[in-house]
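The structures considered in this document are given below.
Common to both upcoming complexes is chain A, partnered first by chain B, then by chain C.
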Partner chain A sequence: MTFVRLDRPEEEVADASVAPPGRPKGRLRRRPLGGPRWVGWAFVLPGLIGLAVFIVIPQVASLILGFSDSTLLGGTQFTGGENFARLLRDPQFINSVIVTSIFVLVYVPANIAISMAMAMWLKTRIAGRNWIRVIFLIPALSPMVANAAVFRLLFQQDGVVNQALAAIGLEPIPWLSDGNWALAVVIGVSVWQSFGYNMIVLGAGLDSISPDVIAASRIDGAGPIRRFVSITLPLVSPALFFTTVLTVIGAWQTFAQAYVITGGGPGNSTMTIMLYLYQTAFTNNQLGYASAIATVLFVIIAIFTLFQLWGQRKWVHYD
Partner chain B sequence: MKAQWKFTRSRKRAGVSVVVVGVLALGLAACSGGGSESSGLDGDTLKMYTWIGGKADKKQWADYVAGGVHADPDMKVSFTGPPIGDYYTKLPTVMRSSSAPCLVTFQNGRVNQYVEGLEPLDDLAKENNLDLTAYSSAMLEQLSVDGKLYSIPFNTGPTVVLYNKQMFKDAGVAEPTNDWTTDEFIAAAKATTKDGVYGFAIPQASNPIATLMAADGHPWADEDGPLLDDPNFKDALQLLVDLSNKYKVAKPLEAAAGGTFPDIDAFNTGQAAMEMQGLWDLQHAQESLGKDNVGIAVIPSKNGASKGFIGGSGFGITKTCGDKQKAFEAIEAMTSKSGLEFVTKSQASVPARLDALDAWSENAGSPEFATVIEQMTGDATPSPVPANQAELDTLLTQYEVDAFSGKSTVDEVLQQVKAGLAQ
Partner chain C sequence: MTDQKLQAPGLSWRRRGRAIGFAANTTAAWLVALVFSFPLIWTFFTALKPGNEVFGAKISFIGSEVLWSNFADAWTEVDFGRLLLNSLVVAAISTALTLVIATLTAFAFARLRFPGRSAIFLLFVITLTLPSEVAVVPLFLGFDQARLADTWFALIIPGLFGAFGAFLLRQFMLQIPGELEEAARLDGASTWRLLISVIVPLVRPALSVLAIFAFLGSWNSFLWPLIILNSSDKWTIPIGIAGFTTQTGTQWELLMAACMMTIAPVVVVVAIAQRQLVAAIGAGAFGGR
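And now, the complex of A and B:
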């Protein structure tokens, strides 16, 4: 049997004399609607249109709008790099970058550590482990807005959490009145919501490790810590890399938790970049400036992602 | 053959490009908003975008449409929309979309930020011989920008104190009079604060400040924006903070998403004896606490001669509306005397037409309610709506929490808000 690469030009295919015997050479060129190349485009086109309409065009439009003073209902005047220069002297934006950076620095390690710990725990032969996995996954499957609204009620001044603290003789904590506590609540709710998904991915990575490798390391005398550092971590590193990249991207784009639980307050202690972008566009009616913020956020995320892709060579093992 | 292949390939590329560009152009055209004769209509039914937070809101709009049909049997209006908390953020994108409605609504005179997408109504009013003097002049002024009218009011919502009569009775406190002072208000709040229930529920953002200032005859804003440097502005915010921190008669404000109303929730669930809200909440409160259990009083003032703070609602027409005349006729019908009188049979909101007030007193209110409304609407402090009110409310909601927690003084909060607005 002869295999023919469908992506080769028709002439080459024809010249390769792979056409069925007795068929004139010219027939291949006259195949209806252009032959294999057209078929390829037909398969790709729906996805390509979706990519263009929902990702490429909005990204390009956002980039262009970032150089204008466009409003939601009004016209558009191009203002050059004014919006980007303004970002550098906008204390609210700088604050939102700091708040989001703190969020990323605390949320990502906490999320990955808890996900990994839970995945390791569930790898042991405990009864009902599959049910426990499902239970921990439920927060990730339920809408963040609904979760955040419930947590808002739990953490308000006379909410269940403070009532529980009072029941054991502790002073109430100003969860939503103090900036530091409010940020802690937003981070905590975010971790609670999302660790289940990472736990499943890391669990799948752990399950793919051959028991023979673990057994061999035990025979070689490796203790639990040594096994974790030298065997488990390297072998689960592709899954760890995948979850870390997605978690970092998600962390920079945090919006719903802060929007629903604190509205960015008290003061601007929980004002993430995405929330500031939203307020700038839809409350302050400054679409051009908001687009500039979106572009900067895109660049920040791109830099972090590229850095992680570059860094994976040093610690991710695909063998 | 090679040349022919290249030519064929470039033709194919061009063909694919044309298809892609065509599809994208169609998509963009669909998103860019239309201006055809059918824009904003569904057949011969006008589409209206408004706030709908639940059954009560849905019933309210159904009643206004029914009132319009009562006045003009040919009128056809359908309505849709999100809860009030999301309404103003979604409105601009909806007004720009291909499915933009013909009719939109505005609360508290908030047309300023949306005039670029609205049709001025002065000419239509003239062509249709609509007598604008029949409407509350304060409301018409609020709904105008640079001398152009963008919305016809259907209700006029003076902010009042709503109080729980049973809680006042249980605390042995006399019900408020229409000349009560701030000190008497604080005393009533102190008396009704007990058993985990607060005497008063503090609203967020600028409305309570504007209301307290108006009660003493001080405007809270001018055409340039809120008067953050006015000592009366500071005094009003300080009073709200003191109600919580000094007098302990109200729950301190906490960080919250904009567009939420913890004060209304607290009052309507019996967690507070008083709230300060527009009359639009009267019906919700009556449904929650019992019709005869909710009283209304004027806003307390320093000298007992309280003036009103008006913030009613109106209908506007989008610029993209395909049949503006039809849309205006619908507004005319829904805000007509007979239309609004019809609405008073089932809704407690006060009609914006002065000639429909008698029907309101008879159907929805009571003589004591009418007295309060007359005082609040008859002697109102002008209450302009600055273009940056949405920004102000967002910033105040964020920063005033620090004054309640003691982290910042009221002065510092106002400076932070001012700096935020300057950005």
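And now, the complex of A and C:
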């Protein structure tokens, strides 16, 4: 396995054959034959310029625009911290932070737990295991919009889920007209859609554990729980860390599910930060204010990411 | 002798127990997979129902008649043909350009040494953790100022520079033995020649996986097309479907037919390339979800 280490990119996990750059060692790192040193720049330049112009600069520009009252046609005036003061008093914004926090708090653990459990289950002997894996992967690679439209049908008041509840004698549930249930549906479709992907990343992590280690722990009398906590978890921790960091980043930016299934409703109960940002910018034409929302979202994500990078030394084991 | 007699039935019991365990485990796993895929199965059957039978008192998979014509109706009703063509063209262009850019970048990182390489590589890694969708406002504003909003150029170009593709290819290129490179150099091959004639053919499997991911990335993309495209003749499938769902009085059977036609190509691609996809995702080549 060869994960990019998010904290120390020069090293890749379990890829000892590659010496760190700057210290030519071994046959892979021998001095290149021919070609002046600027040649490398020529090759990296298209990607680097694109990365700078379309990824890095917009991030910086977003931070700057947050201090302006920019609109689409009305030009841009800098207004200092006014947008941020307004955000603190904006009940819609505060609501969207709460809604998204709940989403992240439920979605991420559920996603990781189910991915991990399924990955471990699929390690056992199952006929047609590869096809099951493919079935779980399909929604993750399909358009979120189509998946969301499907769930919107399933959870209609007279949809198939309530029909099934009626068939076993239960009352119908107002899935999309009750705020809490609507958020539950949005979380549900998100987990359904995405866990198959993380399941495969974690499955590859499990595959890299040597069977000898498991066998040895068995001989030493470790039970299944002990084996999971002391052997499996530490050995799969790089994959677990990697998926968690990127899943958290994605979760804070949830948009399409809420847009398609509920449009943020009922009563803003599924209004995620990204959806509120979108409406502020492109429905209400307040690009400056929307950029302030973006800045807060950026800071939230940065804090979560840095916190995880800092915390990984306590539980992630790279061998 | 007696030992053997005692052991033999024990062994066979154990074997039988194992076979039963295997069968039970397999059945359980397939049941879970079936429940998991129920939404898609239901979508398929809904797409074949008459419009007034989509909702009913009881669960029934098949309506009073099986209307394959719903697929044709979806084609005209949402102008699915146009959406499909747009999505295909945009995805094809995106894929081709992504492959070229990622190959050049990965080659520089993997096989060339130049001043500042580690710093640039670090920059690429940092962008992996940048929340890209957060920056849509200035991106939109930039294209709008350049009078490029509502063009396919603006739709396609920001998606071409994700760092994951370059990482995947770099990983494969690092594994190519240096001897091949030296041999090519000694034969007088230029750096460009080395890339085209030696490196690219050797990383073809990685290129095809990257192609699939670039294609699906474009195929599934929603937020950016929603923002940058205004005229409906440029819309891609997700925009069409989203617009369809927010109209009042949704014709569910047609919407589900459209969803089916959107997901079906994904199913085919995943089924065909499953081994390569699983390997690439497992390597963390495209992040987590």
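One rule holds for everything that comes next: the second predicted complex is superposed on the first by the 284 of 319 C-alpha atoms of A that agree within 3 Å, B and C clash if a C-alpha of one lies under 4 Å from a C-alpha of the other, contacts with A are read in each partner's own complex, and residues count from 1 in each chain.
FYI, a residue touches a chain if its C-beta (ideal position, glycine included) is under 8 Å from a C-beta of that chain, and two chains touch if they have at least 3 such contacts.
Just so we're clear, the structure is a prediction, and the values are computed from it rather than from any experiment.
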Q: Could you tell me if A:200 is touching chain B, chain C, both of them or neither one (first, second, both, neither)?
A: second
Q: Return first, second, both or neither, reflecting whether A:80 touches chain B, chain C, both chains, or no partner chain.
A: neither
Q.
Quick check for you: in the superposed arrangement, does A:265 touch first (chain B), second (chain C), both or neither?
A. first
Q. If you stack the two complexes on chain A, which partner ends up touching A:90: first (chain B), second (chain C), both, or neither?
A. first
Q) Which holds for A:169: it touches chain B only (first), chain C only (second), both, or neither? A) neither
(Q) Output check: A:221 vs chain B and chain C. Expected answer is one of first, second, both, neither. What do you get? (A) neither
Q.
One more residue to check, A:285. First (chain B), second (chain C), both or neither?
A. first
Q. Looking at the overlay, does A:211 come into contact with chain B only (first), chain C only (second), both, or neither?
A. neither
Q: Mind telling me which of the two, chain B or chain C, contacts the most residues of chain A?
A: C
Q. Shared contact residues on chain A for chain B and chain C?
A. 9-10, 34, 37-38, 41, 48, 57, 72, 152, 156, 158, 259-260, 263, 282
Q) Contact residues on chain B for chain A in the complex? A) 1-2, 5, 12, 16, 19-20, 23-24, 27-28, 89, 92-93, 95-96, 113-114, 116-117, 251-252, 254-258, 388, 390-391, 394, 397-399, 401-402, 404-405, 407-408, 416, 419-420, 423
Q) For chain C, which residues are in contact with chain A within the complex? A) 22, 25-26, 29-30, 33, 36-37, 39-40, 42-43, 46, 54-59, 101-102, 104-105, 107-109, 111-118, 120-125, 127-142, 144, 157-158, 160-161, 163, 166-167, 171, 174, 177-179, 181-182, 185-186, 190-191, 195, 216, 219-220, 222-223, 226-227, 237-238, 241-242, 244-246, 252, 255-256, 258-259, 262-263, 266-267, 269-271, 274-275, 277-279, 281-284, 287-289
**Q.** Interface residues, chain A side, partner chain C - complex
**A.** 1-4, 6, 9-10, 12, 18, 21-22, 27-28, 30-35, 37-41, 43-44, 46-48, 50-51, 54-59, 61-62, 65, 70, 72, 111, 121-122, 124-130, 132-154, 156, 158-160, 163-164, 167, 192-195, 197-198, 200-201, 203-205, 207, 239, 242-247, 249-250, 252-253, 255-256, 259-260, 263, 274, 277-278, 281-282, 287, 290-291, 294, 297-298, 301, 305
Q. Within the complex, which stretch of chain A touches chain B?
A. 9-11, 34, 37-38, 41, 45, 48-49, 52-53, 57, 71-74, 90-92, 152, 156-158, 174, 176-179, 182, 259-268, 270-271, 279, 282-285
